[in-house]
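What follows is a pair of complexes built around subunit A, which joins subunit B in one and subunit C in the other.
Here is the complex of A and B:
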């Protein structure tokens, strides 16, 4: 049943991904004088626009374009970007590891740290520690990720010079040993990951605190306390497992959204990820690239949902 | 202490040691930072970002040809004052202006070692006719101007053009010449890999490009025929924030607005380039959509009723000028000071409107500058009976509306440098239906049309100046568009690091830009 649902959703997504960019007002080839960052000059003649349109297959009827797109996908061909003049598949897969690394690392960090702080807060729910944490986190949650990024950049890159000013790797360094490559990649990823972690932290904190408070008021927790178990045991051993369910769901559901949320951080650090690519594709109405990126992200969100489904069932047998 | 607690402690201690060891290992494995010089010559670092492969067809945007301009040479080069000989050491133009003969330099080599010849030049002009480049220097009035190109011998090439024109030499001279041995037989120029597509004769050769990271490296070409390079290489590297990157010394040049320029002014560590007033914001009228705008007194009322000094003060932060009435900026060599300006004068505007009131939609791009311009106009024009409704849209949606002509008024930014042929294309065109190329939809003026044709075909510069002066006076009287204000954009650099920067202003780019001659020894041709 679920497989059929997912297949149907995927088909709908294919249609929407194809149709939506084409329904947006605007045209990849229509530029004005001030469009200096666009792929084509404003003074293209009608014949030249027709030439480029035909080159990218946009002169054919929509049905034919869709069939071409679909058949291409079956062969693993996602087309050729109008703006970047590169294969969309290569563009997505070369940028994917960077975004994936940044997003997963920050998700893991923000989830662990946020949940830990949330649990501590819940345990001291009437105390000053909880109040201080809660106020701090609510303030944090209002900070946009790019502001956090700029502050980090200013402090750690400009003032202290501990980290590079941007990018994913040191440019023009001849390929050395893998360890040196890894060290370089990690060195470049620290600030973007930190910025994204900070901006995601409060979400997990608030969720964990809330969830933990609900669980801590349950009878079986009172029983655990009554048995004379230590705070650590009650909190981590008994309560956390039950409080984790919404956190796990959130981790997976936020994975899809994180790619979008990564755009700002990628821009601040000139990080070679997918988010920034999607931004320029929308701005330029690069239909082929948009189709590719949207499809990939939809696929990712769907698979994350499926994974969250499976995991939640494992954690809570009542859902099965 | 219980046994379990002891184990826990040991585990924590071990984990901490492992984490510290991994961090230390990674720290000591970090690659060495890129050097800032090589062989005694500096390596220049500029802000990177993917603008496409540095090849004739790879460039993503028409405004970003800096990389390929260093790799490729044109027949002529433009310096700050005009054309200078480059691949062509001399040239002759037939008296009827239809034939150009270029005499090329000897001993020029492509970056792959092959000899350069007149065959390459002829091939280039014929190839670009079949395969248009995204940036179109050779299209005038929707025609490819070079009708025929042939090599007379190894160092002489003859081009036949579609008509006599004063602007053709610079256009032909600016085309980057490509090697025949690479491009002959190519049917899909967009798919030629950068290693092949980026072979030119220029002072720098392609070394590395990553579209993903937005990095480029061009190294000085030791076999270059011309002046010696004064830098070892030019590198474009990814930086998030350009100002922070400049402050930290990561990049060597930034473009700054007036507020930021104040930070560097007077500090001997920095030098600020002298900018031009060659880019600005204009108001475009759509006479087809709103025929009442055909009455020039209404357009003049817009000019008198718009407080453009306020725009210079508030939006350009003082670093700019009120748009010139004749469109050509005051510091441009073809400027005519006799083109009568329109000072801010609400009484005069009211007088011109004679109690008539109007409501217009004004189309702006959704960036803060244009929205502010529209809002400032709305405030002052309301006082003379003109109501403006501001519509701000993203660039591509705005373009579609400009193309379909469904707007009353539109704002957009453009350049006013380079050759003033834009007077002809903006105001002297036959009636046009789209407003993408800077022209005024539904506007036709017989005098401007004929003067425009004459200016395009006049070969004598002095005579052309007279025609352009006349055009500016007519434009000032007619106000087919209103040039609101122009801005000066400056570049900042550290002279101790590199002092050779040279900047020029052209029509296509909205700002003056550093260019090829920055990195070469002084050259008189």
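Here is the complex of A and C:
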């Protein structure tokens, strides 16, 4: 049932992707005639326009065009970038590891740190520690990742010069031993990962705090205390196991937000991932590339969300 | 997820912080409303040398074209407010009304609307925004429409669940059994009970929309004719060598921290609103579901 919904969303995205360029005013041939002062200006006759229309399949009805587009996608054909004259698929796959690394690292960090702080807060719910943590997290809760990224960039790399200002690796370094390569990569990744982590942290914190508080007020936790179990046993054995469920769901569901944040953060740090590719595509109005990246990201996020749905039903029998 | 469940664990932000947040928001609103009269210079005509440091003539310095940064910031506040408020009104009120009506009507309109919110919520927000803004062109109206399209689902769902809960209440059932019609119910019972939720919905959407616009503008998708804070950041960051020259100390810092403070202030205000309504508002004296008691 839910899987069907995700598939439907994916279809919607496909339709949007297919429809957007066709909804734009004018067509590629009008455009080519328009820029007469451009080096590639072309003055096409009606026959030539008809020829090119047939060549690109634009004379067929929309339904057939869509089927062709869809079959192409199934073969992994996302077209060629206008700016770079390169297959969009290859460009995406060469950039993918950077983004995946960044997203997964910050997902792990923000989830672990956020849940830990949330549990601490829930345990000290009347104390000043909870008050300070909670206030701080609310202050940070809506900060977008690119604002955090810009602050980190100008404080730590421009002013203090602790970290490089951008890129994924130092340029002009001959390939040496893999250890120094790794150190260089990590050195470049620290600030982008940190920016993304900080912007997602409070979501996990608020969720973990709330979930833990709810669980701690349940009868079975009171029973556990009454049995005389130690604090560690009650907290980690009884409470946390039940408080974890919403957090696990959140891990998968936050992927959409993380990829969105990555788009902005990578543009702040010129990090060579998918988001920076999207930024370049926007800057050059490279529609084919932009749509390819968008489609790929949507597919990734939607399949992760579907996975989360399945996993949750497995973990929590009450939902099934 | 019921709203009550979440709210009972809320903590009230400290009084000073709430006042500070209120003051900052008020300042930004004043900046936006009186933006034409607050600076001796205009935002769209160069009024000094390019990249002047802050001085008595130019309080916040100038940008690369020699425009006064304070004038730009005031105008940016106006743009941001325009985007934020109109998106929030469209999404908060429109989405809320849609949700309430769908719960009131029930049946297949309700089912269709809920499926629709599922679809929209599952779409990855930022990439879709970027694609739509690129294709439709960066005019302020398009940005507002696109943002509203992505933000109406939250308020719609919250209001829907509230109306569903309200319809089970004894006083509504009683009023219905006396033959109360839609307009009477809406005016006397639904509106007073739903108004706080509408307020929370609209307030939280304002800062979200401002942030989303700033993000799009930062990527170069802002309306070039109406400078916003994000667009100032974008032009500063696309200035070659911004990292190596001291210009960032005013050109980047001012819009950056203004944006950050505005978001934080909005978040605090929202939390304050939620806790106030939670403690003495619509669910006073009622036990929250799930045995989850308020402190």
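Some points to look at:
The rule we apply is simple: the second predicted complex is superposed on the first by the 243 of 320 C-alpha atoms of A that agree within 3 Å, B and C clash if a C-alpha of one lies under 4 Å from a C-alpha of the other, contacts with A are read in each partner's own complex, and residues count from 1 in each chain.
The criterion applied here is as follows: contacts are C-beta pairs under 8 Å (C-beta built on N, C-alpha and C of every residue); 3 or more make two chains touch, one makes a residue touch a chain.
Just so it is clear, the structure is predicted and the values come from calculations on it, not from any experiment.
When the two structures are aligned on the shared chain, A:292 is found in touch with neither subunit B nor subunit C.
Using the contact criterion defined above for the overlaid structures, shared-chain residue A:169 touches subunit B, although it does not reach subunit C. In the superposed model, A:21 makes contact with subunit C only, not with subunit B.
Of the two partner chains placed by superposition, only subunit C is touched by A:9; subunit B is not. By the touch criterion defined above, A:118 reaches neither subunit B nor subunit C. Once chain A of one complex is fitted onto chain A of the other, the partner contacts of A:186 are limited to subunit B, with no touch recorded for subunit C. In the superposition on chain A, A:85 makes contact with subunit B only, not with subunit C.
Under the contact criterion defined above, the residues of subunit A that touch both subunit B in one complex and subunit C in the other are 24, 150, 154, 157-158, 165, 267-268, 283, 285.
Those residues of subunit A whose C-beta lies close enough to touch subunit B in the complex are 24-28, 30-48, 51, 55, 80, 83-86, 91, 94-95, 149-150, 153-154, 157-158, 161, 164-173, 176-177, 179-184, 186-187, 267-270, 272, 283-285.
Note for the complex: subunit C touches subunit A at residues 5-6, 9, 11, 13-14, 17, 115, 118-119, 122-128, 130-132, 134-135, 207-208, 211, 214-215, 218-221, 233, 237, 243, 248, 252-253, 256, 259-260, 263-264, 266-268, 271, 290-293, 295. The touching residues of subunit B, when paired with subunit A in their complex, are 25-27, 29-34, 48-50, 52-53, 57-58, 60-64, 132, 134-136, 139, 142, 190-191, 208, 210-215, 217, 235, 237-241, 244-245, 247-248, 250, 365, 393-403, 412-415, 435-438, 508-510. Residue ranges of subunit A in contact with subunit C, taken from their complex: 5-6, 8-9, 12-13, 16-17, 20-21, 23-24, 125, 130-131, 134-135, 138-144, 146-147, 150-151, 154, 157-158, 165, 209-210, 213-214, 217-219, 256-257, 259-261, 263-264, 267-268, 278-279, 282-283, 285, 287, 290-291, 293-294, 297-298, 301-302, 305.
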